[in-house]
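Next up: the structures, one after another.
Here chain A shows up in two complexes: once beside chain B, once beside chain C.
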Partner chain A sequence: MNTVATTLFLQKSQEPMQWWNLPEVWWIFVGILLLLLEMLRPRRNSASIAKASIFAFAVMLIASLGWPTGLETTFFGGAYQWDGLAIFFKRIFLIAGLATTWMMRKCEAQGIQGRDEFYILPWFAVAAMGFVSSVGDFVTGFVSIELLTVCSYIMVAFYRSDRFSLEAGAKYLVIGALSTAFLVFGITILFGTGGSLRFDQLANSLASGHQDPAVTMGVVLVLVGVGFKLAAAPFHWWAPDVYHGAPTPVSAFLAVASKAAAVVFLLRLLIGPFAPLWTQCQQVLLALAGASLLVGNLGALSQRDVKRVMGYSSVSHAGFILLGISAGSQPAMLSVCYYLLAYTLATLLVFGVICGMIDKTGGSLMRQFNGLAQSRPGVAWLMTIGMLSLAGIPPLSGFFGKWFIFASVWQEGMYVMVFLAGFTAVASLFYYLAIVRHMFFEKPADGRAISSGLSFGYQLLLVVLAVATVAVGLVPGAVQRAIYALIFNL
Partner chain B sequence: MTPLLMLVLIPLLGVVAIALRAPARSVALAASALCLGVVSWMACSYNAAGEFRWEWVQPWFQIPLLGSTALRFGVDGVNLPLLVLTGMVSVSALLVAPAKIERESEYYGCLLFVIAGAYGAFASMDLMCMYIFHEFALIPTFLLIGFWGNGYRRISISFQMALYLLAGSIVLLLGMLGLLFSLPPEIRTTDLRVLQEVLSSYPLHPDSQGMIYFFLLIGFGILVGLFPFHTWAPKSYSAAPTPAAMLHAGVLKKFGIYGLLRVAEPFCPVGAEEWNSLLLMLLIGNILFVGWAALSQKNFNDLLGYSSVMHMGYLFLGLASGTPAALTGVVLLSVAHGLSVSGLYAVQGMVASRTGEVEMASLGGVAKKIPVLGFLAVILAMASVGLPGLGNFAGEILIFFGSWQGLSAGWQTGAMLAALVGVVVSSVYMLRAVRAVFYGTEGKARIEGVGLSLTERVALLIPVVGLLVLGFVPTLVTDDAAASLSRWFVW
Partner chain C sequence: MESFVSSLVFWVFATGLVAFSVLTVAGRSPVSSAMSLVATMIFVGGILITLQAYFLGMMQVMVYAGAVMVLFLFIIMLLNLDQESVRKKAWVKALSGVALCGGLFWILLGGLGLGQSRPLPPVPQGSDIRDLGRLLFTEYLLPFELTAVLLLVAIVGVILLCHQVRDRAAKKGGA
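On to the complex of A and B.
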């Protein structure tokens, strides 16, 4: 495996990295290559593009094992940082990209026009997120987030004949523009007061001048912009609608990859320019976390559509992640990374099942899952594993994610937040079990909604995600140690 | 490889075998019988005078913040009787389980999962593992009630049960967090043996003890059905299929009591004293309020549910008084109550399957048609009432004596009086139920089918024989339990 990696990136050696070796450069290259392939190939047949895209994601994921760890360097004058945190998130993005394109292939049968770009856009989105995870100044950050968002606009509205998809696209566009406005306004103010866009320089100047109310305003505006991307309450309104209307693989992509990108951008800001303003940031983050936990978990209770439930669920998980971040310690950072890994695997699993089972664009009512345990018991159990991990039932990975976040928040003495998180977690069991109920307790209505069959490859994807969800929970200590070694360069 | 690990692995391997299309009922029965064999062998060859035996440790994970957690098993005079109880009830429950049922493999898979969780929870000597094994049973029970349960409200009841139990678990988790964080970081661990050693020489700060004890009391209390958090229990049991009700009411509910006995009481003695009057007040609610509710039940199934919650009051009384005799009584009564209540649920299932009726008004004369069933049912009912010669009596009398020993004015006296009144109350409703169901003239409901089959007889004989043995030779349990408790507690 490592030989493949070393032929791709000759980096295991101690030689300094070169900019053309950076993974994002390769990813964009792959995207352009796929576009060329699409243009040059003789017959219109998107299967080849899809296969090439999936294959390339798999190769890049394997190649990521060969990335140099324990090495901190910067490129492009400090605009790009290479370190363990970036590596962790880049791997998450690759996993999400791989699973998403795989799901897109499953959607292929549903008559999408101009479907080839569907497999190519994730490459540009993933590259954009890769840049976000390495961001070292506000310009890079802003441009990468915009590249990600523009790719997402197209993907969300990809079912051009479906009005739900178009509605979702329009909503996402408006909300995306709004959040960009907040973000760029905040960046402008910070630039005006701090005199630089580079994170390290900004940190120095903000450390001296952080009493300035303009700085606080800039920081809050940037956090609001990130809150939109993260789907944290009260900036979450788009999430259920967009997840509902978008093609299922794209919903999965937004729920997992886009959220992880927002998380890493937030982490970069907090360890970089916002570090001197930690106490103010912590208040904002705690407020966002509390609101997200309440709104996400209570909002999901009355939903009848699985994808809307997942939308609200993603809001509540954003709350958990923000809660962990607001604890602000080194163990808390590890807990957040562990939580994000568990969330990624379980959410991809759940969306994978939804995508595989519902042969229809747009919504996926819970009713359509009626009797799934009878018609396809295996798939129903996989879905149950995903749901229970998200709900935090031991010994699945979601439980340990919550447990570690509780512990790191308790360590900081924020007991009220632990109680709030605990009790909203109980409420969350209600809506996760509601889906289990439809699968196990109800009789199938007419069997029309349930898809005919899944290919071997797709089943393999689901099983691998489920096994990973269980396995990350069975060895929580080892996973945390690995993350620790990666992030803190040991 | 310790036999304790086998107790968890055998049912789980059974689940795997069932998933691979092996005949479900036979596999489940074989697995539970094998486990019963293992625990019986352990009970016979224990001989350690209260020491731990068959210990087995496998480090699991270590987190800087939370210390180390190990897969640790071990057994002493306190949890060995509970393991034997698990073995007896699980075999009895699987014998009662119907041979033909919709989606058989999932049904038996769920039951085996519950059994594995119960064994694991009682055999673990690590707080985290105890918690996780207990949670094993949550989702299977949800599925068992929701799909195979009785009554049109079964789905909402299954949700109520799952949410209630998870809420209890979360409170428990907060108590565990409090416990871990009141230890210095370098000795943080969830290993109960280590915690016991450390805390017996360096007790926790009294303030944190109070907080931890409160959370553990409410958390474990919800799992047991402590008043006023008991409302899930009677409903769930009457909606659950018979084997699930037997396992849950008979075995899993004892986990909360076991947790209080193993963790909360010995680790937070000062906290226990602080919250003693609260516990006494709540247990009076358990005995009188729930007993009162049991008096007015018209449905045999509901009556058993309320009765089982009511008797938890006696276990709480033993815990609240905290004297050696009372705590020994708690161990004995836990086992005896588990046997009697699971036997009664089995009886109820047999009556219901023959008559299709659970309303006591339309039942009657069952003993005339099926004398064996009537005879065994009366023994079980008398055990539950506390007739001398049966296990429950021995447990209750120990608890009464123990509480008398530590008697102080105030709520304790009130609780003692309530418990004595409760004995009368429980005889009233139980005798009334026995008369309505088994004696008198045959009611509206026709009794179909004939006498008990061999499996049904065995299923009922297991608890009956167990209760008789415990009634005549309670020292089988109490000797080792008392010895172990004196090692575990600092008196």
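On to the complex of A and C.
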């Protein structure tokens, strides 16, 4: 009972953690509990399960403040690592899960048809990502990523009567299978050459045999697999289509949580088994970063649909994150974490506004947002905050995210990449501001103002996200120090 | 002599494997594609058995060639798929596919150093089922348990995406 209290309330216990005290175990438990509740409920009423799911996410997020920090342990014989990096990413996943479920509740009218599993699947996905953030061997990593991907397939295709949702689901399924094939092939080769699947043992054996061309190939194949999950160019082709076709909350979930999971898996690989092969990895990462920056930012310029723009935007942000990772220093890792936090908040905000407005505007085309500032000025301003943060306009958190990454890359002497990233960041202003222009300066096509409003709870979610976006940018130093203390156990 | 026999067995299985994989992709009728896939599975099982992984080999044949492929054939039968509708001969696609496969093979040849011998990781001796079980419940306990969750989610997903909600229930829920 004492440990239950430790998990649920804000107490830091000195006693060692147990496996049944791990957050993911609780998250899966909540998921199964909600499935049982759905089965036992008296009548088909989506509200109860959705509310229970949102409430449980909020409870778990508060409980996450009580997690023991400054403690590095492993569970399951090294398959699960508990440390600051894992805690940071698990909190990001919880934020994403909470916001996504909230948006799903908003979207319920569009095609759920009483299938309440829509609100339950995020639990399993979040638990899978939690395991990814703590991964200590390739088998656990592979199974967790598969669990995450299977949840995503189902959520993407959830509006099964909608042609675009089904198409996105099929496309994501095929691409997901392809990327899994790359990942497994790479893991197999590494297992064959390194003789182990555990990250620490593999790091030792790869350190001695890193001249082997087979090792390089295994590493490259694994990085390609991760690149698909990260939506980094040239493995990004699915992202705009899937983000466009999927239910809007699910697009948000893919853009934020799924990408963060890929980032943490990549970080785990780079500080674990791939550490002896850093120079080779760095080249691959730099190539992926450059391609993503160019393709993401230039590809978004010609898009006319906000969700497709966000798809390309997510590719370009993958580029920025990869650029930060490829700098390879300790400050670079901090700046990547900060960037990811800023990106998470702003992206959730933008998708939240799209999700709230899509049934009122009738779609996510840019011109359908025309004149939003006259009819719903508050919502338009929230969207503007999100867009400006993603574009990297100074007082907002997105600017400092980019700034920190540029600084750490500059310190490593990769000046060309900084110029490339700066150029593409300027180019990105055009498409982010295009949406703002449509909202503020264009007349609505049919002269019809968007009248009906959003519920108080949903406004609260959007405002909290916007305030967080601004606040993280107002005190960037403090936030970075907090992340530093968390990750490096001070 | 023994090594000659084992390499002969390997090459027979490997050739069959490649040939039937190609047939799986190139076959016109879905049934012949599925049957080629069965043959592919059986050859993979054979190769596993020559590697002394008897249990895995048998599982490969029983689960994939036996259970999964029967399911495939049932589905093909239920969907009443006939010959694939006339397929345009897309030479560019075919050529690029062949080029891609050739490139991958070339990388494999160089990367893995085909032809040069490479020490395999140590294979545990003795009863492999017992070792497998022990590994699953010690070193790989976490992924093994996670597989259960994965299967649960997959079952939920299949029901969600395929089960037709009855009209009356839908009307009740929609209200």
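Note that the second predicted complex is superposed on the first by the 470 of 490 C-alpha atoms of A that agree within 3 Å, B and C clash if a C-alpha of one lies under 4 Å from a C-alpha of the other, contacts with A are read in each partner's own complex, and residues count from 1 in each chain.
The rule we apply is simple: a contact is a pair of C-beta atoms (placed from the backbone, for glycine too) under 8 Å apart; a residue touches a chain by one contact, two chains touch by 3 or more.
These numbers were taken from a predicted model, which means no experiment stands behind them.
Within the superposed three-chain model, A:V426 lies in touch with chain B and out of touch with chain C [touch as defined at top]. In the superposed pair of complexes, A:G195 makes contact with chain C only, with no contact to chain B. Of the two partners, chain B and chain C, it is C that touches more residues of chain A. After overlaying the two complexes on the shared chain, residue contacts for A:F253 are found with neither chain B nor chain C.
With both structures placed on the common chain, the touch criterion links A:L388 to chain B but leaves chain C unconnected. In the superposition on chain A, A:Q374 makes contact with chain B only, not with chain C. In the superposed pair of complexes, A:V475 makes contact with chain B only, with no contact to chain C. Contact with chain B, but none with chain C, is seen for A:F441 once the two complexes are overlaid on the shared chain.
With both structures placed on the common chain, the touch criterion links A:Q411 to chain B but leaves chain C unconnected. Remark: chain A residues 28, 32, 35, 43-46, 75-77, 79-80, 113-115, 117, 121, 124, 127-128, 131, 137, 139-140, 142-144, 146-147, 150-151, 153-154, 157-158, 160, 169, 189, 191-193, 195-196, 213-214, 216-217 touch chain C in the complex. For chain C in complex with chain A, the residues that touch the partner chain are 107-108, 110-113, 118, 120-122, 138-143, 146-147, 149-150, 152-154, 156-157, 160-161, 165, 169-170, 172-174.
If you check the complex, the residues on chain A that touch chain B are 331, 373-374, 377, 384, 388, 393-395, 403-404, 406-408, 410-411, 418-419, 422-423, 425-427, 429-430, 433, 436-437, 440-441, 475-478, 480.
Chain B makes touch with chain A in their complex at residues 60-66, 69, 103, 106, 131-132, 135, 138-139, 142-143, 146-147, 155, 158-159, 162-163, 166-167, 170-171, 173-174, 177-178, 180-181.
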